[in-house]
Amino acid sequence: MTAVEIQQIRRKLPEWVAASVPFAEGGKVASYIPELAGAPHDALGITLINADGDLITEGSCGRRFTVQSISKLFTLILALMDIGEDRVFEKVGMEPTGDNFNSVLKLELVRPGIPFNPLINAGAITVSALIRGSDPEEKTERILQFMRALANNDHLRVDLDVYRSEADTGNLNRSIAYLLKQNKVLDGDVEEVLDVYFRHCSIAVDCADLARMGLVLACNGTDPLTGKSLIPRRYVQIAKTFMTTCGMYNASGEFAIQVGLPAKSGVSGGILSLVPGRYGIGVYGPALNNKGNSQAGVHLLEIMSRELNWSMF
Amino acid sequence: MTAVEIQQIRRKLPEWVAASVPFAEGGKVASYIPELAGAPHDALGITLINADGDLITEGSCGRRFTVQSISKLFTLILALMDIGEDRVFEKVGMEPTGDNFNSVLKLELVRPGIPFNPLINAGAITVSALIRGSDPEEKTERILQFMRALANNDHLRVDLDVYRSEADTGNLNRSIAYLLKQNKVLDGDVEEVLDVYFRHCSIAVDCADLARMGLVLACNGTDPLTGKSLIPRRYVQIAKTFMTTCGMYNASGEFAIQVGLPAKSGVSGGILSLVPGRYGIGVYGPALNNKGNSQAGVHLLEIMSRELNWSMF
Amino acid sequence: MTAVEIQQIRRKLPEWVAASVPFAEGGKVASYIPELAGAPHDALGITLINADGDLITEGSCGRRFTVQSISKLFTLILALMDIGEDRVFEKVGMEPTGDNFNSVLKLELVRPGIPFNPLINAGAITVSALIRGSDPEEKTERILQFMRALANNDHLRVDLDVYRSEADTGNLNRSIAYLLKQNKVLDGDVEEVLDVYFRHCSIAVDCADLARMGLVLACNGTDPLTGKSLIPRRYVQIAKTFMTTCGMYNASGEFAIQVGLPAKSGVSGGILSLVPGRYGIGVYGPALNNKGNSQAGVHLLEIMSRELNWSMF
Amino acid sequence: MTAVEIQQIRRKLPEWVAASVPFAEGGKVASYIPELAGAPHDALGITLINADGDLITEGSCGRRFTVQSISKLFTLILALMDIGEDRVFEKVGMEPTGDNFNSVLKLELVRPGIPFNPLINAGAITVSALIRGSDPEEKTERILQFMRALANNDHLRVDLDVYRSEADTGNLNRSIAYLLKQNKVLDGDVEEVLDVYFRHCSIAVDCADLARMGLVLACNGTDPLTGKSLIPRRYVQIAKTFMTTCGMYNASGEFAIQVGLPAKSGVSGGILSLVPGRYGIGVYGPALNNKGNSQAGVHLLEIMSRELNWSMF
């Protein structure tokens, strides 16, 4: 059946991508830093990879882009691997917020003021502080090594221009971080924590990298192409659950209804998704909808899920 | 494998229930109406039924209780069957809120002021107005018939004492309903809509009824024991997705992490859950945690999901 | 000095009114009911009366309009006279909210959920329930008699068309009232309380009526022209304080800085203001700014306060 | 009359202070830094000074304490003198918030995200950035010189221990400041602005200093004892208006009803108040109520206002 499906995907994907590209029109490329603002508005690319190593790619997949919020997934997993469930969930909750990903409301309104989940900015900043390492460089290096292993790509690196722009303009994240420090959620030096955060958000990837990382999650933590066991099963489960309930910012509920797959998006226009047990998927489409997700990318995944009956539900 | 699992469940369930009962201690039975306040604090019962008709029951399953919020699931499905996806989702969104199930905040703060999802009170009231029927009696009768068909139980009926108490004390729901009317989300007479709402929340069931209804959802809309097709596949998918993202009030995220099954709870202490393709599950445990879910019931489902590896994720 | 000032006002007022009329342009006439929507967009009138009975009138003062929120002032005073400070302030607070006058946020967010002050809708609805009287008619009649005495005008009456339209469209106020009932702030039948509220908001006045009522407040509760003592000094003090801190909705702070006089506005475009010890002032200008106050009317009062050095501060 | 009143005050003040001291019991001394936590819980002192130089002092007036939020008044006035009304009110509004003085809610919820008024933390931080000076030292020095002139006391200085503790623990203020920077309200280096803010909050005074500064405001900007004109009339008016609408945090409305005088409090337990044209008043009582104002101090001012008929309203 998989072989049949792959043929179907190969045959239909150009048409599905073509049908999705026009949806970029209503979206907006993130413009708060010049490195993102320069992305091509109507680009759309997708790469799928399965456990047999079949790789399908369509559209503008050549371009590299920074992972942005997609890294929140991997810092979460690494923190779980570093210090375990109990200690991570003392500092960060498990609930969707219904608010924007960079909102401070619930940090003030809902006691004890810990972030609702690890995929909003407040949660991801908190998680960044939990990564083992003696200084920001070591922490960042460990995150980078982890993502390289998952992507099976030793060339992943931090885009330093993006990193510097993020650090320069990241005042809302600074505000969130100091509020977390006030709430006794964040220990240590705020600028050091943010440094780790800005760096891992600035790791550059392409669609194939995302697809390969997604494949490891789809296969419960083992890279089926190398046989390496990279993540304990339980932490993959946690990650996939958060991807389903919180992965697409405050449009996660709609994505679950319309696509029904675990996914994590970033404001660069990237989406890492997966079909459990079968595919890792990387999407790139920089024009964002008003929730911060790739407009054309989400549309493409909606078509594919509907046509291929991919929803988990 | 299923037969083996059923044997395991039969053997272990008494122990799991016994281990969960003490968790009722920290919870509180809903007390806003006398009919709920009288429930036994430390009761805990569970019924499972599978596609072969194997039925497992343990603990205090004899008691009948009102469905309360669990009916929100069936009014949603019936509204989808009555008027289709497009018209339902004009009036109600698809997102978890992060707020209490009876909050009015987002109705004021987030334009255009439609309920975030159909499983919070605002959403369920809105959906109640979408059910076909010339008057509240006919609408309620249609909901009741639908639930009777799903439970394969013609004896389901509205508990009139509970209904009258709900109607008498339901001022927060009235407040929500008038705010919805102000926001042009709710058409028609508010008290008539609320009458439907209070009635369907007051339908009395037992664990076996919930389990049987859950089984239909687990089997994608067809009752495997009668062969009757009761709900179109797509609407089951929508329902299961909402159960996963919003079914346990603002503890849905944690439930997804710790249990990983679609579920819907009510303040009477009932939980309807399911293992896709395999089991319908009804739980009853009236002592609630601070999010409004059965304290012992959630604990029991956590044990079972962990021991039996039931998480969808 | 007063005589000199009156001459100055008579001489300059036409010019000040003319300078203020253009400010109506940016405003919007309230349009939620037809009776308000029909008001002339660029009308602006003002009447001043002093303790000697000198009356100055300029602009479009002939028109009658409903008091709307201005009545909140008189129901507050009447409730204080009926049941005293202690019992009134058990039910309603003394703080500005910073939110819109019809907001429900703080009723949910700030325990114990009593209205922050008597001049927002929630507070005025609460106060309406405190007025003595065996039924809505008697309560309304008592409010009407009180306002007739203050205006020295037996012809004040409820505009029944406006009342009916308010009652028909007042769903946000219904929502607020049921939330108050839920919070145990409001006793009794919600629709009966709202009936009183909608009726007293619909009492029709003209600028001269407002000015005369303002004069009584300016003279600490005694009508200087009849010598009648109508309000105890302390309750006038309370009323004038609320007018200063909360009288102009959530633009009260700015009004205090720019005008510095006690005032209360209504969405019909009326403003009742006063210069302590000296003048009662009635203004009418139906085009409202985005906070719900008469755009041209506020501008006119700003000019007069600045030119005549009227600020209390 | 003034002479008679002064005699009355001298005669009755010991009794009024004694009657107010017990109210300290229910309050709490601010404890977020050791320098504040060490204040004597049941201390209560008051100093009044009038335009003739009559000075009345009662209770524990010997102690020095830091001005904390009271300095917000003087930075506002100095900013007005430095750059004028128009430029100040581009950056900060004129409205009470109804929220805690250190809330971030409205900075996120209410566009364009400028602070509602200059007496909440967000507003005072914003204003601190508007003070002229080439660096934090010069700005602080100018504020200090201004307060010295108003207090007629060249010995006022920054308490460096308090300043360092404030700077060490001020993460909520850092959070607010970075949110302001994000909202483009705050220009320049955040830590430099906060340095000015923490320093001026740490200026040490005693009751007599506060009373003398209050006297200048009571006399419209001129020190009646030296004849020096220190503040333009209009800026005193602005300051007194803000003191009335926003000076006692989110208990300003109640203070206006119960006392009716312009006042500004600080979490050290100080209150600067005034009777327009007549007295400057300094109060010290470190046990705070739940809104952050001196519990016994507010009670003392309530007695005095009632007994001496001091309310402006």
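We just call them A, B, C and D in the order they show up, numbering each chain from 1.
Please note the rule applied: a residue touches a chain if its C-beta (ideal position, glycine included) is under 8 Å from a C-beta of that chain, and two chains touch if they have at least 3 such contacts.
Here the structure is a predicted model, which is why all the values come from computation and not from measurement.
**Student:** Could you tell me the least number of steps, going only between chains that touch, from chain B to chain D?
**Tutor:** 2
**Student:** Please name the chain that ends up farthest from chain D once chain centres are defined by their CA atoms averaged.
**Tutor:** B
**Student:** Would you kindly tell me how far, in whole Å, the mean C-alpha position of chain C lies from that of chain A?
**Tutor:** Centre-to-centre distance between chain A and chain C: 54 Å.
**Student:** Using mean CA coordinates as chain centres, what's the chain A-chain B distance in Å?
**Tutor:** Their C-alpha centroids are separated by 32 Å.
**Student:** With chain centres taken as the means of their Cα atoms, state the distance from chain B to chain C in Å.
**Tutor:** About 48 Å, centre to centre.
**Student:** Among the residues of chain B, which ones contact at least 2 other chains?
**Tutor:** As it turns out, chain B has residues touching two or more other chains at 109.
**Student:** Given which chains touch which, is the overall layout a line, a ring, a star, complete, or other?
**Tutor:** ring
**Student:** Chain pairs that touch, all of them, please.
**Tutor:** Pairs satisfying the touch definition: A-B, A-D, B-C, C-D.
**Student:** Quick check: in the complex, which residue numbers of chain A touch chain D?
**Tutor:** Interface residues on chain A, with respect to chain D: 103-105, 108-109, 171-172, 174-179, 181-182, 190.
**Student:** In the complex of these two chains, what residues of chain B are touching chain A?
**Tutor:** The touching residues are 93-99, 106, 116-117, 237-238, 240-242, 244-246, 250-254, 256-257, 260, 262, 311-313.
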